[in-house]
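Across the two complexes that follow, chain A remains constant while its partner is chain B and subsequently chain C.
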Partner chain A sequence: MNITEKILAKASGKNNVTPDDVIFANVDKAMVHDVSGPGVIAVFEKLKKTGMKIEKLWDPEKVWVTEDHFVPAADKISAQNVILLTQFAKDYGIRKHFKYGMGQYGICHTLSHEEAMVLPGEVYVGGDSHTNTTGALGAFAAGLGHTDMAYVLLNGKIWFKVPETMFFKLNGKLPDYVMAKDLILKIIGDIGTDGAAYKTMQFGGNGISEMSVEERLTLTNMTTEAGAKSGIIEPDQKIRDYLAQRGATNYNEVHGDPDAQYSKVYEYDASELEPIVAKPFSPENVTVARELSSTPLDKAYIGSCTGAKLEDLRAAAKILKGRTVKIRTEVLPAAISIFRKAMDEGIVKIFMDAGAMVGPPTCGACCGAHMGVLAKDEVCISTTNRNFPGRMGHVESKTYLASPLVAAASAITGKITDPRDLK
Partner chain B sequence: MEPFTTIKSIVTPLDKVNVDTDQIIPKQFLKLIQKTGFGQYLFYDWRYEGGVPRKDFVLNDLRYKNSKILLVRDNFGCGSSREHAAWALSDFGFRAIISTSFADIFYNNCFKNGILPIKVNEQVLCKLFENESEIEINLGKQTIKNENIDVSFYIEPHWKKVLLEGLDDIALTLKHDDEILKYENAQRNSRIRVS
Partner chain C sequence: MKGSVIKYERDNIDTDVILPGPYLKIHDYNELAKHAMEGIDKDFHKKVKPGDFIVAGKNFGCGSSREHAPIALSYSGIKAVLAISFARIFYRNAVDGAFLLPIEIEESAYRDISEKDDLDIDTSKNEIKNLTKNKIYQMKPFPELIGKIIAAGGLFNYKP
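== the complex of A and B ==
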């Protein structure tokens, strides 16, 4: 069995599973945020109306709550939802609640790794499609709808059809100026936005071993954009070190067997990869950045769980250092702990010296919520994960997806720019 | 939830691929937390311009006013996991959606809200797009029919059961956990044997 099959077999008390088996898996961790949380509350309310008593959750210690989409409260309703979510956490005894403006807070997927909320070998579900992100730690991580999340919160388990696994092997270390974002955009361009529908995308090979934990998280994060059920990478020493730095050492790693089966193996040669951009209106609509070098932009957005981790900010700062932005540039670190580290490293100063705005951690404009949404016909280069029509604002705005290096280089010139071409 | 048996209706043809959940229900409505009333916001940015219905959008075409079946192209429901998308479609009155493929989370959300998502092949989908008359969907028999079309479709056995019996309720599906598992795997094994 491969790693995904072994985790799901273990979670369902079986010795062996194969793709397409339907299993009920025990869940180790579950997460809701300020959109899916109120969604779950709505499901609970409906159930209560039918006479069902909902007095306690399956295990409040395994559930955690974040506020990230519409915070700092974007308007009156968002503010009300935060109150609702806070009351929900209190009523059901959920202690791990990352409240914005109170200690550690930020985007749910970022907190999942930054705070070691999820550990290798676990089954983790969240009320958000990018829950896949956390699979980079060696966990089975998948997003669910509100009703399914409500079910998990009450029962601690959920059924899955065991997905088949596509294996993406990266040979060699990524060249300078090429990031994990370029690789995953290239892959999505190759297989399409439904290329991994109900499948697991696993990444491996010596190129992945060379890759940092944060870069790996970019890969698994965007498996969602290929329709994948989950993304996963086998844990190694880098993961152990990363988690140990965050106080987590007690877990049971799972690794695939030597004869593990994959439905298909794709190989990528790192030396052949280049900075890539996904054009509007789909993450699969990719081309090399150099081909778009005459595309004028209105703004650059460096944010989200995909593209505002500490290393993403470091990459952008490397480009922006000593230069001035030519278009509006917004930088929103993915968690306040990352903001603090960026401040301590002098990165925030670099952004400010370049003229960029540095804002609070939030999903913000990535999902078109607030903090820099796009007007009609506005064109943005963004380190985020999706560029469907209207994703970041007006349905006739345009978003180009790129790495933090490409976004920063483009911020300097005002048009799409391959960072290798920056003078 | 009302049990799903057969429905007969004109089909609303929405000729678009990769329709993501943000098109189905734009982000500004996610803040609303009631489970009903989302139908008025369905496809909001395509349906309205400055609050006025756009004449060129299919949902504003009176021919499809009481349609219960939505016809769309590949990868419908991709993007965000927001269940509001299924809530909006259901609240608007759609009971079935026909496409070649659906995004995984959206597909599951449909069943929780009494919507039958049907996967057909490209050829059948094209034929349905060309066809302007009513069709009948029979879930028990797993067929789509009218005078020009007669095709069958596959649906996972437990989802069929959930819809036929109107078991969208978590409280009810809970009781059926073990049954669902046994039933699904037995069906799967029997399929493997015959094929």
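== the complex of A and C ==
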């Protein structure tokens, strides 16, 4: 069995599972945020109206809550949702609640690794499609809707069809100015937005071993955009060190067997990769950045669970240092801990000296909700994960997806720019 | 189950167009219905009738995990979406929350069915009758567990 099959077999009390088996898996960790939390609350209310008694959760110690989509409160409804979520956490005894404005908080997927909320070998489900992100730690991590999350919170388990696994092997170290974002955009361009539908995307090879933990998280994060159920990478010493720095040392790693089966193996030669951009209106609509070098922009956005981890900010700062932005540039670190590290390293000062705006962690503009949405016909280059019509604002706005290096280089010229071409 | 068709001739209809991000803060299901399909069809709310079906191409419902998407369609009156394929979270949200039936159809059926065609869907026979065109198409049978959850009326009513 491969790592995903072994985790799901263990979680469902079976010796063996194969793709297409339907199982009920015991869940180790579950997360809801300020959109899916109120969604779950609405499901609870609906169930109560049918006469169901809901008094306690399956295990409040295994549930954690964050505020990320509509904070700082975008309007009255959003403010009310945060109150609703806070009361829910109190009523059901959920102690891990990352509150906006009270110490550590941030985007749920970023906290999942930054706070070591999820550990290798675990089954983790979240009320958000990018829950896949956390699979980079060696966990089975998948997104669910509100009914399913409500079911998990009450029963501690959920059904899954055991997915086939597509294996993506990266040979060699990524060249300078090429990031994990470029690789995953290239892969999505190759297989399409339904290329991994219902499947797991596993990454491996010596290029992945060379890659930092945060860069690996960019890969698994965007498996969602290929339709994958989950993304996963086998844990290694880098993962152990990363988690140990965050106080987590006690867990049971799972690794695939030597004869593990994969539905298909894809190989990528790192030396052939270049900075890539996904054009509107799909993450599969990719081309090399150089081909778009005359595309004028209105805004550069460096934010989200995909593109505002500490290394993403370091990459953007490397480009922005000593230069000035030509278009409005918004940098929103993905968690307060990352914001603080970026301040300590002088990165925030580099952004501000360049004329960029640095703001609080939020999903706001990434999902077109608030905190910097796009107007009609505005064009944005963004380190985020989706560029469907209306994703970041007006339905006739345009978003180009790129790495933090490409976004920063483009901020300086005001046009889509390959960082290698910056003078 | 009889109804008439609202057809979108495109693949990858994502949750951002089925129910745009700014409305994610709303959890009043009837209010959400007013914004269904707003990302590609401003008039959807006016033209949809109770019992209607949506027909679309591949990978319907890709994108976010928002259950708002099947909820908005369901509370608009949509009873089933007929598509060549579905994205996984939309599919399970539709079934587990008992909001609507996600029915997989052949590409030939997708091409043949037109806007405003009247269909009669019989899931017990895996059969779709096109009453307007006097034709019969096969639907892909629901996998065993999915069929049981649908029959139970959603995941919470299903006893494993």
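The criterion applied here is as follows: the second predicted complex is superposed on the first by the 423 of 423 C-alpha atoms of A that agree within 3 Å, B and C clash if a C-alpha of one lies under 4 Å from a C-alpha of the other, contacts with A are read in each partner's own complex, and residues count from 1 in each chain.
One rule holds in what follows: contacts are C-beta pairs under 8 Å (C-beta built on N, C-alpha and C of every residue); 3 or more make two chains touch, one makes a residue touch a chain.
Keep in mind that this is a model prediction, so the values were computed, not measured.
K.L.:
After the alignment on chain A, I want to confirm one thing: do chain B and chain C clash, or do they fit together?
P.N.:
Here chain B and chain C cannot both sit on chain A without a clash.
K.L.:
Please work out whether A:353 is in contact with chain B alone, chain C alone, both, or neither, and reply first, second, both or neither.
P.N.:
Neither: A:353 stays clear of chain B and chain C.
K.L.:
Once chain A of both complexes is superposed, is A:21 in touch with chain B (first), chain C (second), both, or neither?
P.N.:
A:21 sits against chain B, while chain C stays out of touch.
K.L.:
May I ask you to decide whether A:47 touches chain B, chain C, both, or neither, giving the answer as first, second, both or neither?
P.N.:
Both partners, chain B and chain C.
K.L.:
Based on the superposed arrangement, let me know which partner A:298 touches: chain B (first), chain C (second), both, or neither?
P.N.:
neither
K.L.:
Please identify the positions on chain A that touch both chain B and chain C, taking each partner from its own complex.
P.N.:
22, 24, 35-36, 38-39, 41-43, 47, 52, 69-70, 75, 77-78, 81, 127-129, 131, 143-148, 150-151, 159, 193-194, 197-198, 227, 229, 282, 367-369, 386, 388-391, 395
K.L.:
Write out the stretch or stretches of chain A touching chain B in their complex.
P.N.:
Where chain A meets chain B, its residues are 20-24, 35-36, 38-39, 41-43, 45-47, 50, 52, 69-70, 75, 77-78, 81, 84, 127-129, 131, 143-148, 150-151, 154-155, 159, 193-194, 197-198, 227, 229, 282, 367-369, 386, 388-391, 395.
K.L.:
Please name which positions on chain A make contact with chain C in the complex.
P.N.:
Within the complex, chain A touches chain C at residues 22, 24, 35-36, 38-39, 41-43, 47, 52, 69-70, 74-75, 77-78, 81, 127-129, 131, 143-148, 150-151, 159, 161, 193-194, 197-198, 227, 229, 282, 367-370, 373, 386, 388-391, 395.
K.L.:
Which of the residues in chain C come into contact with chain A in the complex?
P.N.:
Touch residues, chain C against chain A: 12, 14, 16-17, 20-22, 24-27, 29, 39-40, 58-59, 62-68, 85, 87-89, 92-93, 96-97, 143-145, 154-156, 160.
K.L.:
If we count contacts the way the header does, which residues on chain B are in touch with chain A in the complex?
P.N.:
Residues 18, 20, 22-23, 26-27, 30-35, 45-46, 74-75, 78-84, 86, 101, 103-106, 108-109, 112-113, 158, 168-171, 173-174, 177, 180-181, 184-185, 188.
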